[in-house]
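Chain naming follows the written order as A, B, C and D, and within any one chain the residues start at number 1.
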Amino acid sequence: MLKQMEGSHAVAEAVALCRPEVICAYPISPQTHIVEGVGEMVKAGKITNCEFINVESEFAAMSVAIGSSATGARTYTATASQGLLFMVEAVYNASGLGLPIVMTVANRAIGAPINIWNDHSDSISQRDSGWIQLFAETNQEALDLHIQAFKLAEELSLPVMVCMDGFILTHAYERVDIPTQEQVDAFLPPYEPRQVLDTHAPVSIGAMVGPEAFTEVRYLAHEKQMQALDLIPKLAGEFKTIFGRDSGGLVRPYRTEDAETIVIAMGSVLGTIKDTVDEMRDAGVKIGVLGVISFRPFPLDAVREAIKHAKRVVVLEKTFAVGIGGILATDVRTSFFGFGIQIESYTVIAGLGGRPITKASLHELFEKAGRDDLPRLTFLDLDWKVVNKQLERERKMRRSGPAAENILRDVSSTAAHLG
Amino acid sequence: MFEVRIHGRGGQGVVTAAEMLSIAAFEEAHHAQAFPSFGSERTGAPVVAFCRIAEKEIRLREPIMEPDALIIQDPTLLQSVDVFSGLKKDGFILINTKSTFEELGLADYVRDWPADRLCTLAATDLGLKHVGRPMPNVPLLAGFAALSGVIKLESVIMAINAKFSGKVAAGNIAGATEAFELVRARIESARKEAAHA
Amino acid sequence: MPNKPFAITLNPGSSLANLTGSWRTERPVYVDRLPPCNNTCPAGEDIQGWLFHAESGNYEKAWQHLTRDNPFPAIMGRVCYHSCEGACNRGQLDAPVGINSVERFLGDEAIKRGWKLATPEVESGKHVLIVGAGPSGMSAAYHLRRLGHRVTVIEAGPLLGGMMRFGIPKYRLPRDVLDAEMNRVVDMGVKVELNTKVDDILATMKEGKFDAAFLAVGAHIAKRAFIPSGEVSKIVDAVSVLRSMEGEDKPMLGRRVIVYGGGNTAIDVARTAKRMGAEPIIVYRRTRDKMPAHDFEIEEAMQEGVMIRWLSTIKKAGDTSITIEKMELDSAGFPQPTGQFETLEADSVVLALGQDVDLGLLDNVPGLEVAEGVVQVDANMMTGHAGVFAGGDMVPTERNITIGVGHGKKAARNIDAWLRGTTYVAPPKHQVATFEKLNTWYYTDAPKTVRPMLDIIRRQSTFDEVQGGLDESTALFEARRCLSCGNCFECDNCYGVCPDNAVIKLGPGKRFEFNYDYCKGCGMCAAECPCGAINMVPENN
Amino acid sequence: MSFQPVKFYQTGTFTVGNRLLVPEERSVQANMERTNSLNSGHRACQGCGEALGARYAIDAAMHATNNQLIAANATGCLEVFSTPYPETSWQIPWMHSLFGNAPAVATGIAAAIKIKRQKGLKDDVRVVAQGGDGGTTDIGFGCLSGMFERNDDVLYICYDNGGYMNTGVQRSSATPPAARTATTMPVGQQPGNVFGQGKFMPAIAMAHEIPYVATATVADLRDLEHKVKKAMTFRGARYIHILVPCPLGWGAASQDTIKLSRLAKETGTFPVFEAEYGELTNSSKIRRVLPVEEYLRPQKRFAHLFGKTPAVATLVRLQALADKNIRKYQLLDKEAN
């Protein structure tokens, strides 16, 4: 059923349709509307047989999820940014224990400086945590990925993070197609745990493992993610059969057939990029887009297959590995390194801390890339004046003061007018 | 694609207005995308919300920098915020005020504007009158429907019903209807004046 | 566990594969120690053993256990001086367990309920002569009978009991109680010949074709002291007074009775006189704490109105008075005359200065040795003449009923062995369970139960029994005050406190075992064993 | 005594068992068929108070729940020594997640059980969480407070040995004043742990006004079992704080574990009591009051107080703390003393 609603609410609806049994969350922008939504549905009896727990921290949220999942309950939580970092220890624990928890991450930057706006630093910081990470391009996809995530998680006994851009998606009202309960039930069977705390068949879960077996345990986690590379497209196929639309999968190519330049990105920015690409295509530029949906496991084969005929890739990512550069870009390069494929690759850091990524900037960027006139590492719309001013200040003064506050002062003349 | 930017202050229902606008457009089978300025603005702080309306899927995620229309929920913002930034030439401007454009000191800015694209509306009073609260957003939305013709009053009413229920919905519908009629009357008289001119 | 995630999920209790016993440098072992009460009992009773059954409320079993060693619990419960209680470790905690009172309760229960002593399963065909039906002789009769021997007791007096009857007033030992326990032994098939004096032991043995003899003649002959006296002075001995109390003609002592001596017999006679309406005064040459009589008896006597003149000797007895000289203790604690005299009115003087045994029957026994008025016996209680054994007052020992009963048992075992051509060897004694071996924290605070005492007025005028018995609840309480020193009483502490679950509980009455596969040797079981029944010993490498 | 003591029996209710009691009145630990929830083969040190306390508590909880029990365990000695790969000593469904999250994990388990019950699970499965004092009073404090505040149906058991023994005897906020640890060495102006720091978790638990709070020691099994069983009669958050001596960390002989627990109680150093909904309801009275020295002297962690020049002032302060406990928690039986 088509509805015009907020992304957060759409996700809440999707979670509700998945018949969750335990939901726990601690509020953090921009995740709040999701948990407010599911919380209200539980309280109102719209979601039955479900316990909604207001916990005292994200660390507790993930911990409660660990407990309930290990006891065989379908478990959901959501977080963002600092919240994700606050629960990190438990995040690793959940995946290490193989507990099929589904968690929405309403992607937001990580401080300091504190910043509530969107980028992907939070999820990406957990790329090695052993969680599956799926990135939604639209609210429709966010909704659909949650349904797929429960099935994926439970089949593999691995937790899944559904990543959606904070504010840009979570707070955007747009058209979504809400599936029926019958459709979801047909797709998602009840949770059959692989391991469970059961008084009639007691087991010890979470024992200490020493050097004699730890590598094997870690390898098996990797092996499961490799299985996910097969399972994710399979589930997307099943999903299409029941729901009638393409959603999920590993990667999503757009106009890449004969593209000389392929832009690779994740999340909602793909829409702006596609609009830009369409305009450039209209102008005769051979450019395409590859959206990465599954960041973990990273679909090396699928990415390579999609880009192998291109001359160059421009990896545009909303995250930044300080001291080296791109993260998604590094993974993309791994996909073709050693395969005898000659592709130029450019890393573009964009949209950090909610900086708008505009078509105008993208046009300029892609045109430069098309001329191979782009530095290997580019910061989109970086205000060099501000940066240089601060660097100058630091060169001159020992006590140059806090950088972020200086920069804010420097840019304050332009800070007020737009969001 | 038709792009609307709504300016106001925290607590004035700016974001709700954008959302309702998107719902109204959706009810008319358009694609619509509403989103706030993604801030953690508190009551009283300047707030911006956006709404795009189109006939196909809206993929664009950048803020609206060159709006087709502006709704200004609080005229005091005119002093502090560059609300007109990027406004397309001859774009729609609806301002919540008892004053005129001239009284607001905007005579120069709108000198070349078509008169039927400009309107002021004492929306706060309408909110007080019909809902009992100084909420200008719904009357402005209805006024915007009348001003721009992008959506119908019926769609605004549907959006009201999607967001509110009971007495509040009824009050809002009454306020919306009155606002719609007020603005339509003004636009029509403006057009007549323009035709006479 | 193929279906569970590798290494993450483990099967329950699988740590049993890890034998932590290899960590141990010391190992606990269960031991049995000798409780001090048992160690002290002259009758060799397994006091802790029978208390164990009494604790459960199984009084008949307790009585059966008790009478394995001593057939006279009702008597013991009245006249035994219960050295066991003096040794009782509980005495260092609050007050000793009232062993004596529980014993009396069991004895009285047995009489009340008619419990029978065990009879032998096989007859040996041997015949043993016992001379004297006192505590020692009747005890021996009982034990020998139990062992399957024919027994004939020859008693010079008219009734069974010996000194139990003629030396102990009935207010301490009612005669129905005495009779009941004597007759119970007779009922086992012991032959008794009363009013028969054995003049020549070997002749009697030969005549009766006895295979062995046990001599258990009591000390009935009073020791005399020279007191210058007038002709009409009435001077009698305590044994005669007490004996005559059992007959028809009660002794005529007058109103003012002087009792001379400081032993239990002196007290008995004074208290008896009091009950006959006299005003007895005990004259004793030393101080109270030097008095051989038991303090509780002195106390009871004084409560009843018996006067005592400490540090006094009788110098002269007249018709209606006596002269006493005051004494003082020298530095060595011996009384010395002071030359100060005093006159006391006296209708009679009763001498309670100790007794001797009539050894006339032994005159012609080859090898038998007599010294200082008593028969010499070896460690097996046999005299120098093979087959003739002796015990009780006849042999060198402290004289009391319990010792006599103990001699009877010991003699019986040795006679039995001798009859079988062997020598009785007592099982080795365990190390004594001393107080510091215990962890007394675990015992409930429970002060001793006080036995009821007869009203003082009735004590002064009647021969009713002075000390009452316990009822069932108080007896049970008292029994349960036992600490079970040195022997496991299945409190489950070791089983509970082992952090490694390395103690195996074998079930009621079966105690525990250590599981050395897992015992790490921490020693907690030993430290927390209330009764000291666990020892830590070094592991031998 | 917080439970009805058995009177006039050889050992009353002080020992683990008592053959004279009817079976229903006997302790769980006396039972031949006791669960041994924490089985043999674990790697706890000799004389480990925590191993003992855990078996006591969990067996009692198993008994009280008809074996329908799931446990969440914080990281710490108990977790490490009980689950040495590839073995586990636990015979119950047991889960270890992290150091600081056992209360939250237990909340999750309880939530899952609640839903399973709604969906038809017949068994009334109950949940315990357990951890050491570090996992409870320090790193797990937030989660514990959250669990209390929500009144989740979890019994949390803290095994308090007064420090981070698992990592080599460092100070925790439950380390007693003056005690030596690897991070509070007996040097300087104020040797050992400083006075005035640390927290007494049971009082904090009481401040949450949860249904039931109790303290116990491994020296009084019947009392401990009674409290665990009683805790299981409540729904909602419950907290039991058990003092468990650590021979290694306290510098005590392995066989003295129970003795030290006893002395902690008898000196008033560790108050043993119960509270319901924030109010003190019962105190286990001291049987024979002893000076704190009796408790401190056998422990090497306090050895610096008894050197050539005894730290009299410190001892006086420690005695004052014990005296305060005696007053505050009404540890003396007015009739008996």
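The rule we apply is simple: contacts are C-beta pairs under 8 Å (C-beta built on N, C-alpha and C of every residue); 3 or more make two chains touch, one makes a residue touch a chain.
All figures in this text were calculated on a predicted structure; none of them were measured in a lab.
Visitor: Quick one: most central chain, C-alpha centroids?
Guide: So the chain sitting closest to the middle is D.
Visitor: Tally the contacting C-beta pairs at the A-C interface and at the A-D interface, and name the larger one.
Guide: Ranking A-C and A-D by C-beta contacts puts A-D first.
Visitor: Where centres are the averaged C-alpha coordinates, which chain has the largest centre distance to subunit A?
Guide: Between subunit A and every other chain, the largest centroid distance is to C.
Visitor: If you average the CA atoms of subunit A and of subunit C, how far apart do the two points sit, in angstrom?
Guide: 92
Visitor: Taking each chain's centre as its mean C-alpha position, how far apart are subunit A and subunit D in Å?
Guide: The separation of the two C-alpha centroids amounts to 44 Å.
Visitor: Just curious, how far off is subunit B from subunit A if you go by their C-alpha centres, in Å?
Guide: Result: the chain centres lie 34 Å from each other.
Visitor: Indicate the whole-number Å distance between the mean C-alpha point of subunit C and the mean C-alpha point of subunit D.
Guide: Once rounded, the distance between the two centres reads 50 Å.
Visitor: Give the residues of subunit D that touch two or more other chains, as numbers and ranges in rising order.
Guide: 83-86, 88, 90-92
Visitor: Return the residues of subunit B touching two or more other chains; collapse runs of consecutive numbers into ranges.
Guide: none
Visitor: Two or more other chains touching the same residue: where does that happen in subunit C?
Guide: 7, 10-12
Visitor: Please classify the inter-chain touch graph. Allowed labels: line, ring, star, complete, other.
Guide: Looks like something else, not a line, ring, star or complete graph.
Visitor: According to the definition of touch, which chains form touching pairs?
Guide: According to the stated criterion, the contacting chain pairs are A-B, A-C, A-D, C-D.
Visitor: Write out the stretch or stretches of subunit A touching subunit D in their complex.
Guide: For this pair, the touching residues of subunit A are 21-22, 24, 49-51, 53-57, 59-73, 75, 89-90, 93, 97, 197-210, 212-213.
Visitor: Using the touch rule from the top, collect the residues of subunit A that touch subunit B in their complex.
Guide: 2, 4, 6, 29-30, 116-118, 138, 165-168, 171-175, 268-272, 274-275, 354, 356-359, 416-419
Visitor: Quick check on the complex: what are the subunit D residues that touch subunit A?
Guide: The contact residues of subunit D facing subunit A are 67-70, 72-73, 79-80, 83-86, 88, 90-98, 100-101, 104-116, 118-119, 123, 125, 142-143, 145-146, 149-150, 152.
Visitor: Give every residue of subunit C touching subunit D within the complex, in rising order.
Guide: For subunit C paired with subunit D, touching residues are 7, 10-20, 23, 55-56, 441-446, 476-477, 480-484, 489-493, 495-502, 505, 507-508, 515, 517-518, 520-524, 526-528, 530, 536.
Visitor: Could you list, by residue number, the parts of subunit D that touch subunit C in their complex?
Guide: 5, 7-20, 27, 29-30, 32, 36, 38-44, 46-49, 51-52, 55-56, 82-92, 221, 247, 253-259, 262, 287
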